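In what comes next, chain A is part of two complexes: it sits with chain B in the first one and with chain C in the second one.
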Partner chain A sequence: MRYLKLIKHFIVIAFQDVLAYRMNFWISLLYSLLNLGTGVLGLVILFSHVETVQGWTLASTLALLGVYLTLGALRGLFIGPSLEALAGMDGEVWTGRFDFTLLRPVDVQFLASFRYWRPLALLDLALGLGVLGAAVVQLGQTLTLANLLAFLVALAAGLLTLYAILLAFSALVFWSPGFLFTWLFDALFQMARYPIGLYPGWLRLVLTWIVPVGVMTTVPAQALSGLAAPPILLGSLAVALAFFTVATLLFRTGLRRYASASS
Partner chain B sequence: MIESHIVVQNLSKTYRVPEREPGLGAALKSLVRRRFTDVDAVREISFTVAPGEFVGFIGPNGAGKTTTLKILAGLLHPTGGEARVMGFAPWERRHDYLRRISMVLGNKSQMLWDIPPLDSFRVLGEIYQVPPAQFQQTLDELIELLEMQELLTKPVRNFSLGERMKCELVAGLLHRPDVLFLDEPTLGLDVSMQARLRRFLAEYNRRSGVTVILTSHYMADVVALCPRVILIHHGQLLYDGALQGLAEKLAPFKLIRLTLRNGHTEEEILRAAQNDGENAEVMEQENGQVTLRVSRAATPAITARLLNTLPVVDLSVEDPPIEAVIDQIYQEGKVEA
Partner chain C sequence: MKQEARGKRQESADQRISESADQRVSGSTDQCSVLSPPSSVLSPQHSALSTSFNINLRGGWALIKKTWLMWVQHRSFFFLLAFGWMIPPLIYLFVWATAAGGASIGGLTRGGFVAYYLVLILVNQLTYSQTNWTVGDTIRYGGMNSLLLRPLSPVFDALSSEVAGKVVYMLFVIPVTAVLALILRPELHLTLTNTLAFIPALALAWALRFFWGYWLALLAFWATRADALLALQDALIFLLAGQVAPTALLPGVLRQASHFLPFRYMVGFPVEVLTGQLDAAGLLAGFAAQVAWLAVAVALFAVMWHAGVKRYSAVGG
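What follows is the complex of A and B.
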C-alpha cells in the first residue's frame, strides 16, 4: 500500500518533469504520434500481403505484435527509465548518486525499479493496446473469457520475465559501471516481434531458455488465440518466477559489491 | 552516563584498486590481466560520539574521512573492526536505522533538477513516512531558518550553488534525523553563504539536539561549529579532542611576537633568544615587529631571556593559527612528539 502511494508520487513527479520543458514536451508528443502513425501504417501494409505464417493466422500474428508493442511500451514507461538511470557514464552508479537510493528506508530494488517514469510512453502503450484490440476484433468469436484470462496470466508472466532480464542486465552495472548492458538485451528483444517458431532450432532454444522472448510474447499471443495449453501457461509462469529469483539474487550480489564513487 | 550515539572500534577499510601503469601498452595489457593493489583507506580507528555532539572530522584529501562517514551511513562495508550507530550495524541498512540518519553531501545532489524543491520535499516526506502535520511543521521551521521562502516554487536547475545547498539541507533534515553526516556542506560556497549555513547548522543542532559529524576543508567551519575534532591522516586517527587542544598537542611550537625599541638584526635577536640548542626561528620581521617560532617547552626560558637582553616594548606569546598547525600536520603526515 505504501509502495503504491510512492509509485503514485513518482508518476506525478514524472508528469511535472515532462511538462517542465514545454518545447520538449510538444516535440516528444509529435515524435510519438509519428511513431504511432508509421507503426499502424506498417501493419496495414504487412497484413494486406500476408495471410498465414507457419500456422500463425493473421489475427494471432497481430496479437503477437500487439503483445510485443505493449511490453515494449510498459518497459519504456517505467522499467526502462528507472533501470537505465543506474548505468552509463553519467549513471547513478558511476557518479555515486546511487548513494541516495541506498540511504532511503525503502526496499532498494523497488526504488531502483520504479523511481522514474516516462509518461510519453503512454502513447506507445496506446499503440500496443490498439493493435491488441485489432487482433481481438480479427479473432472474433474464437475469443473466449477463458482465453482472455489465460492471456492476462501469460502477459503478466511475460512482463515479469522482461523485468527480470532487464534487472539482471542492469545488475551487471555493479561490475562494470560505465557500460549500458541493456543494449545487449535490446538486440535480442527485437526478435520477440515474430513467433519464435520462425527461427532455426538452436536460436529457438536460446530464445526459449536463455532470453525467453517466447515467454514474453509468443505465449501471451498464443493464449489470446486459445493456442496455449495450461502446461505452457504454467511453464511460462515458472520461467518468469525463476528468472525473477535469479535476477533479484544477482542484483543483491551486485549491491554488496557497490562501493560508492569517491567524494 | 549517557550512552554513546556512535561507537567505532578498530574500524578498518581496505579498497582493492586496479593497478595501471601509464601508456597504451600497459592499458592493453591490463585488458587481459589486471593487477590489484590494496589501499588502506581507514586503519583501526576508534572513537565514540555522544548524543547531540557536533564533531568535526578533519584531515587532508584521501585521509579516510569520507570512507569513515560512508561506513557509518551504511554505504560501505568495513573490512575490519566494529561500528554501531544508535545500536545499529549501519551496513545492514535496516529501514529503522535509515529513517533516523541523514547524509548531506556538498558535491552530490539529491534534488530533482527540473521541478520546484517543494515537490522533491514531498516525495521525501512520503519515502520517510513523515506524518503530514509534522512534515509541514518541520518544513516551515527549516525554511524560516534558512530564509528560503522564495525558492520553493522555482525549478532547482536555476538555483545558485548556495541556494541548492540550502535545499539539500532541507531535504536531509525533513525526517528529523537523530544523526546527521555532513560531507563538505560548504564546498564551493562564497564566504557569506558559508557563514549563513554555519549559523544555520549551529542553531539547528542547538534546537534539535541532532548528533552531527562534519567533514570540511574550511577550518572556519570547524572552528565555528565543532567543539571537538577528530583528525585522521593516512587512515589513522591522530587526534581526538577539543579544537583548542589540537594546537597544544600537535603543534610543538609557539609564536612570540616582539616589538623592539630600536632596530635589531635577525642574528642579534636569535643570539638573544637561543641557548643550549633551544631552537628559535624568525618568521617575520617588519617595522620593529618580530615574530619568532620557538619550541613549546622552551617558551618560558626564551621569553625571559628576550625580556632581559633586548629593549622590549611589547611581547606576546600565542598559539600558532589553527590553519598553520593543520597544514604542518598534513604535510608532514605525523604528529611530532
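What follows is the complex of A and C.
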C-alpha cells in the first residue's frame, strides 16, 4: 500500500514537471509520429513485394509492430527513465549520487525501478494501441475472449521479461561503471520490430534464450491471432519469471559491490 | 590574459573583426587564453570557406590529432554507438534476405541483398555526421563562446570530431562487417568502373550529409529545439536513402521523392554504385544530383553561418 502511494506521488511529480514545458509536448508528438510512420511504411514497402514472409502477413506483422510500440511506450513511461538515471550516461552509480538513493527508507530495487516517470510516453502508448487495433481489424477475424486473454498474459510476460533484462543490464553497471549497458540493450531491442522467424538460425537462438526478444513481441503477436498454444504461453511466463529472479539476484549482488565514488 | 591575447591578435589582419567578436562574447573572454597559437586569426565572420582557411590548416590538423587521440581513449563508448547504428540496416538485411528466399525481388537475390546492406552499413557509418547533433548543443549551452574565440573557424572543431569519429568507428565496423560477410555469403561482382565511381560518390555523399546536417543544426541560433528537424531528417534518410529498402524497391511516389530529394545521395547512391545497380545514365544523373545538392547545402550553410553568428549572444561562460 505504501509503495502504491509512493508511485502515485512519483507520477504526480512527473506530470507537474512536464506541464511546465509545453513545447516539449509537440516535439515528443513529432518523434512519436516519426517512429510510427517509419515503422508502418517499412512494413508496407516490404509487403508490397511479397505476400508472406515465413508465414507472416502484413496484418500479423502489423500486430507485432503494435506490440513493439506498446512495450516500448511502457518502457519509456517508467522503467526506462528510472533505470537510465541509475546506469545511463552520467548515471548515479557513475557519479556517486546513488548514495542519496540508498539512504531512502524504501526498497532500493523498487526505488530504482519506479521513481522517474515520463508522462509523454503516453503518446507512444496511444499510438501503439492504435496500431494494435488497426492490426486486429486487418487480421479480419473476430477477437475471441480466449485470444484476448492469451494476448494479455503474453504481453504481461513480455513486459516482465523486458523489465528483468533492463534491470540485469543496469545491474552490470556495478561491475563496470563507465559502460552504457542500457544502450547495448536498446540496440538489440530494435530487433523486436520483426518476428524472430525472419532472422537466421544462430541469431534466433540468441534472441530466444539470451535476449528473449521473441517472448517480448513475437509470442504476444501470435497470441492475438490465436496462434500461441498454451505450452508457448506457459513457456514465456516461465522465461519471464526466471529472468526476473536472475535479474533481481544480479541487482542485489551488484548492489553490495557499490562503493560510492569519490570526488 | 585578455591583454596578451589581444596583443597577439593585433598582428593579424583581422583585428577589427576579432575585436567585435570579443565584444560580442565578452562574457567569457577569460577562456581565450586557452588556445592562442601564434599564427593568424580566423574570425567568426569569415566563413569556413574563406581564404584564411589555408593558413589555419596547421592549427586545424593539431586539433584533429588531439580529438582523435582523445576519442581512441574512449573507444568502448564509440564502439557501442557504432554497434547501435549498425543494427537497423542489419535488421533490414535479414528481413529482405529472408523475404527473397530462393527467388529474387526487384532483381536482387538473397546474396544481392546481403551485399547491398553490408556495403550500406559501411557507407552509412562513413557518412553519418554526429557533429550535426553536437553543434546545436554547442550553440544552446554557450560552448560556442570558446570556439568563436579560438583563432580557428569553428568548422574545424566539427571536422576534427568527424575525422576522429570515422577512424574509431571503422576500427569496430570493418572487422564486424568482415565477419558478417563470411557468415552471410554476399554476392558482389565488383567491376573497375563501379569501384572507381564509388570513391567520388562516397566523398560527395559524406560532404553532402555533413553540410546538410550542419546548416540544419545552425538553426539552433534562432530556435532552441531545432534538433527536432534533425530527427525528421534522420527519419527521411531511413525511408528515402535506401535503408528501409533499396530505393529501386520503393513504391511509386516514394521512389520519385527519393530521386529528387537529397537523402538518397547521402547514403543509398554510393551503395547502388558499388553494387552495380545503376547504368551509365543513372550514374551520371546521380552524380549531377549529388553535386547540385552539395552546392545548395554549402550555400545554405554559408548563409546560415553569417546570419547566425551576427545574431548569436553568449549563454553561460
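In this text, the second predicted complex is superposed on the first by the 227 of 263 C-alpha atoms of A that agree within 3 Å, B and C clash if a C-alpha of one lies under 4 Å from a C-alpha of the other, contacts with A are read in each partner's own complex, and residues count from 1 in each chain.
By definition in this document, a contact is a pair of C-beta atoms (placed from the backbone, for glycine too) under 8 Å apart; a residue touches a chain by one contact, two chains touch by 3 or more.
These figures come from a predicted structure and were not determined experimentally.
Residue contacts after overlaying the shared chain place A:Ile27 against chain C, while chain B stays out of touching range.
When the two complexes are overlaid on their common chain A, residue A:Ala187 makes contact with chain C while staying clear of chain B.
Contacts of A:Ile45 after superposition on the shared chain: chain C is touched, whereas chain B is not. In the superposition on chain A, A:Ile13 contacts chain B only, with no contact to chain C. Within the superposed three-chain model, A:Ala146 lies out of touch with both chain B and chain C [touch as defined at top]. In the superposed pair of complexes, A:Arg256 makes contact with chain B only, with no contact to chain C.
Measured by the number of chain A residues touched, the leading partner among chain B and chain C is C. When the two structures are aligned on the shared chain, A:Asp99 is found in touch with chain B, with no touch to chain C.
Chain A contributes residues 2, 5-6, 9-10, 13, 16-17, 20-21, 95-97, 99-100, 102-106, 108, 256, 259-260, 262-263 to its touches with chain B in the complex. Residue ranges on chain A touching chain C, taken from their complex, read 23-24, 27, 30-31, 34, 37-38, 41-42, 44-46, 48-50, 53-54, 178-180, 183-184, 186-188, 190-191, 193-194, 198-200, 202-203. Across the complex, chain C meets chain A through its residues 76-77, 80-81, 83-84, 86-88, 91-92, 94-96, 98-99, 105-106, 183-184, 225, 228, 231-232, 235, 238-239, 244-245, 249-251, 254. Put simply, chain B touches chain A in their complex at residues 15, 66, 70, 73-77, 93, 95-99, 101-103, 105, 107-110, 112, 114-115, 119, 122-123, 126-129, 155, 183-184.
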